[in-house]
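Take a look at the structures listed below.
Two complexes are shown next, each including chain A; its partner changes from chain B in the first to chain C in the second.
== the complex of A and B ==
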């Protein structure tokens, strides 16, 4: 399955769950931004879909939530704390954040 | 985040993002293969994520440095391969072997080579950016990390490798070939060929993106280090040869146009072919070779600045100005040469006055000169006006020159201040070269106020006067001008020759604006005298009518001796014995005047006056205007019986008129044909003390009223008068210098010699330019007279003695 709409991108977890995310939000991660770069023309950019073999669905979901949270509050001086981070996943999220450089 | 809600337990990651065991060689093999695919443009078959994850794995397991080195090696190998496969075959053979191919060969071969190099470069750039992206997790991407570890970033490494293995390829000399090809192409374009700019621009762009070291200092761009110097050198050579060629082939105007075109070409070339970084340097080369080194030669050509100035080639002169401004903001060459020509033209005007084709130089109208001694009023006018004609010609020529240079200055030289000063200096120089300058300017004004402005509108008159003032400004000896102007003005006023009172006033106010009240106060005083005299005369007449009327009408001009020129009011009064009726009137006025102003002294100047007399010849009445002396002479005959005569000595003893004036007046009365009221025995053109005079009974003149003038003496100065004038000028100047010194010292108390001299010159610059010697003499004289003293201990300082 692929997304025709070029303003969005499919992020797929290692266990096969797909998240359709706005590109502008997903571009928070420089890694994702590079993957989608048309100039480089890797398979991700051609298919408009990125498969993260080493990330599980629950973690990827949080990542997507963070993308939107960040985009919504970008540039604001005062903003509510993110309420979607559960302590259980905190460490795993930290690893993923490092991987995605965001 | 943990501060809110119930404190949950932090679960350790179920499984790390990477597996525990990583074999570098295994993972690298995968990566290397993929990077190879990138080099072969097969990226779309690759998963970025997979590559990224692999690099991430290696870095996490601390294989980062190894990975970094391996990538460098991989890129090196690829570039070496590319150099052989893609670039080498296209290196133009001419460059390698050094033979010169045909233009077409050169152009095509060069273009292909450049295109290929451009393609290789673009591929490399793209690959490097892809590799960089994929290896993003490697700390070697991070500038901070790299600086800390003194390593270039992956991208910079890639660029460095390109420089080493493609451009600086020790086997194929691709970089040298590239320079040569670009320079060849530029050379072809300079010679008029058409080349395609795109490939050159891309290759130059490539050189600009590459640096000598991986630190990427801006002043170490490969473009600057390896290309630009070579470009500048070849250009210098080219333009040096071009200058010689143009000097031989072109006239000055064409030369300038070529230079302008070259400058534009080079500017455009920097914009669209090579880098704009080079623009200032290449412009400097063209300017130096084509302007600085040769402009003097160009300007001295036959078709150079002389002919441009003479024919008023505004466009050429303007171009010349712009080109010279590029290399010299003072434009000294232009200033010098333009002014040389100007001075030369000015001197021509000056000397044309002295050469035969011009109207003959005025004869000094001395009584000893037989040819003019016989001339009466008409002839006198003619001879005198030849000087005026010369003055007018001179003034008009100078003004024409001035107009021309003004036009050029305005239209071609952007009203450049420095050039204006230079032009002014040039005018000052040659105008003051001409000794008669001040006199001529005054004569020019005199002529216009007497005749020239007849029938002209006010603004036209204004223009004429303005022109005179322009020249006046250039004069250094303004006091000489004042002297002449006073003479001319006094004649205009006393002889009632001035056409317009307004114009006179206007002239004086213009002078006042130029040099101040001090200069014009005397001139204004002259007007005031005339005005007061008029009032006084009419009041005197009224008074006389109340009492016993005089037998004659008397009109008197009382002149203040300090305002008027010495010639009009000089102390050398020339008395004569007046006939009784005249004497009566004179005494009446003297009495009247002294009663009005006690303590003043009246000196009568019969040599300046005129009289209207009525005579009858053969029953026909005439009213004749003659000089006062002539009137006295004629009245002497009243007491002589008809037919009898008076000898020269008789006349002298009766009238007491000084010899010189007596002879002059007798000349106009007895020699000039149309006004011969007296007959002289023997008939000759000269009046001798032995001559005898009687009334010319057969005199006839068709006019009832006419005038008998007197041979003029002072229209043009003769040598003796010139000497007198210059002596009195010198005396005047001495006084003014002394006055200035005293004024300054009174204010400053003590002053060094140097400063005193400077201030004196400053104070007097509106009147004349004093020379150092006379200032020094005046100071010495003032010290002798104890106005000043030298300060003890320092010889060069003076103090003022109250």
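== the complex of A and C ==
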């Protein structure tokens, strides 16, 4: 499946779950942004789909949630801390956040 | 009366009590009217029974439960009733006690109700028994003693005994717990964030994860494959939470680490400190703050077991003796390029002498807050020819120009950073020597050198302008109280191209004009502390923001108001710390 709509991108986890995310939100991560950059002509940019072999679905879901959280609260001076990050996933998520640089 | 009856909705000022009573629909007039009616009724009944109106006490209590003072219905005349009912009485008293909270009032009324005016109150609501009283269960009807934990009965009437209460509680538990509302960020939280110098607004996913990991650090078995930078961030947060202890310390002792900073070792024991070289034999940089458990044996063990240690920093290691320090320098001194000893009284000339003799390659040296550090100690430092940064702030002994000038003469040529903060006896000669002998200095801290005069600062910077110092990045002139606009102008004249951080806290002779010139002159300025410079007002702040200053301290600047416009020239907002009553 590929997304016809160019405003979204599919993020696929290592265990095969797909998340369709708005590009504007996913671009929070410089890593994803450069993967989707047409100038770089990566497969990811052509297929509009990124597969993260090392990221599991629960973690990738949190990442997607964060993208939307950030898009919603960007530029606000006061915003609530995100409530979707659970302590069990925090360490794994930290590694992923480090990789995605977000 | 006209006020109360007013259908116009216009009311004059009234007390909290009056408000409370109106809210409950209680009116003194109604109560008085009902009392009159009852009295009339009782009188007619008494007449019908053929007895005199003096049969007081014979009439049974209408409620029949308040044993303490049975109300004599026959004796209640309109005038008396207005005295005995709680409402009118308290409403006159209420003016005096208007400030009391309504809950306190409610509690008080409840008490009163139990005392004497039960009948009046039962008209409005069923009495709620106080803890300790005996009541009947609303469900099963059994007698039980009321506690604070007694649950309200079905439909909110009466209370339940412990047995029935448990059943209801079990039912409640089956229901899903109400979803927790996202913690609201209070003004206080925001202030705290601001004082930490943290960014407001949405943070990075990484920062949130780090915060969460730090919060649940006790449940973490292994930090795993995270970057050294993230590990250090976690360590900083848990040190601040004071949760760095024997068990959490283990998480940071990974064999590949080369740099370890423990920001709060107050709970890190001697054994834990001994553990570090066993787990990380290749450590190069070790930084221990609040190292109260550091002992002689630990230090000698370090000298032996850290073959690659080039940088050791110990703050608050007050148990380490002079002899241990001396033998450490003798064994490991030749490797050291960076050393800090701070907040201890156990130093001597011999210690400093050995340090200088055995650490010839030392580049960064901090000897701050040493109770016994004085001129005699200081003069030894002339031997450290490669020193790039020197910090001898807040020495406990006497530090004067006579001792410092020769040292600067000897080692000033290589110095990039110099901190003399808190050595208040230093004056003009020191400023001269800095100007003459430190041509490549980039950071200078002269905080609390109150002997320094304006002309000394001018001389210093004009000297530098002549001998080719390329400009300071960081200068702290806080509490150099004689500093005026002219002195500051000399600083700007010399360092306008490089200055990034400026501290002029408590330089009360500065004016807003002088600071505006700084803002206009120094293009790279990022951080300024103008605390307690009373002349600083909104205009000066706005000029600084326009010049691109990212962070400004304005503690005690009473003229800075909420209205100040802190938008930065190139977009974004300046962080203004310390405005009275303003958060961000």
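Just so it is clear, the second predicted complex is superposed on the first by the 102 of 102 C-alpha atoms of A that agree within 3 Å, B and C clash if a C-alpha of one lies under 4 Å from a C-alpha of the other, contacts with A are read in each partner's own complex, and residues count from 1 in each chain.
The definition used in the following text is that a residue touches a chain if its C-beta (ideal position, glycine included) is under 8 Å from a C-beta of that chain, and two chains touch if they have at least 3 such contacts.
This structure is a prediction, so every number in the text was calculated from the model and none was measured.
With both structures placed on the common chain, the touch criterion links A:81 to chain B and to chain C. Set against each other, chain B and chain C touch different numbers of residues in chain A, with B touching more. In the superposition on chain A, A:95 makes contact with both chain B and chain C. By the touch criterion stated above, A:73 is placed in contact with chain C alone, chain B being left untouched. Of the two partner chains placed by the overlay, only chain C lies in contact with A:63; chain B stays clear of it. Judged by the touch definition given at the top, the superposed model places A:51 against chain B, while chain C stays out of reach. By the touch criterion stated above, A:43 is placed in contact with chain B alone, chain C being left untouched. Once the two complexes are overlaid on the shared chain, A:17 sits clear of chain B and of chain C alike. Taken together, the two structures place residues 81-83, 85, 87, 90-91, 95 of chain A in contact with chain B in one case and with chain C in the other.
On the side of chain C, the complex with chain A involves touching residues 182-185, 190, 200-202, 204-206, 208-210, 212-213, 215-216, 219-220, 223-227, 230, 584.
Contact residues of chain B toward chain A in the complex are 1-2, 4, 7-14, 16-18, 43-53, 56, 126, 129-130, 133-134, 136-137. Put simply, chain A touches chain B in their complex at residues 30-31, 34-35, 37, 39-46, 50-55, 81-83, 85-92, 95-96, 99, 101. Per the touch definition, chain A reaches chain C in the complex via residues 63, 66, 69-70, 73-83, 85, 87, 90-91, 93-95, 97-98, 100, 102.
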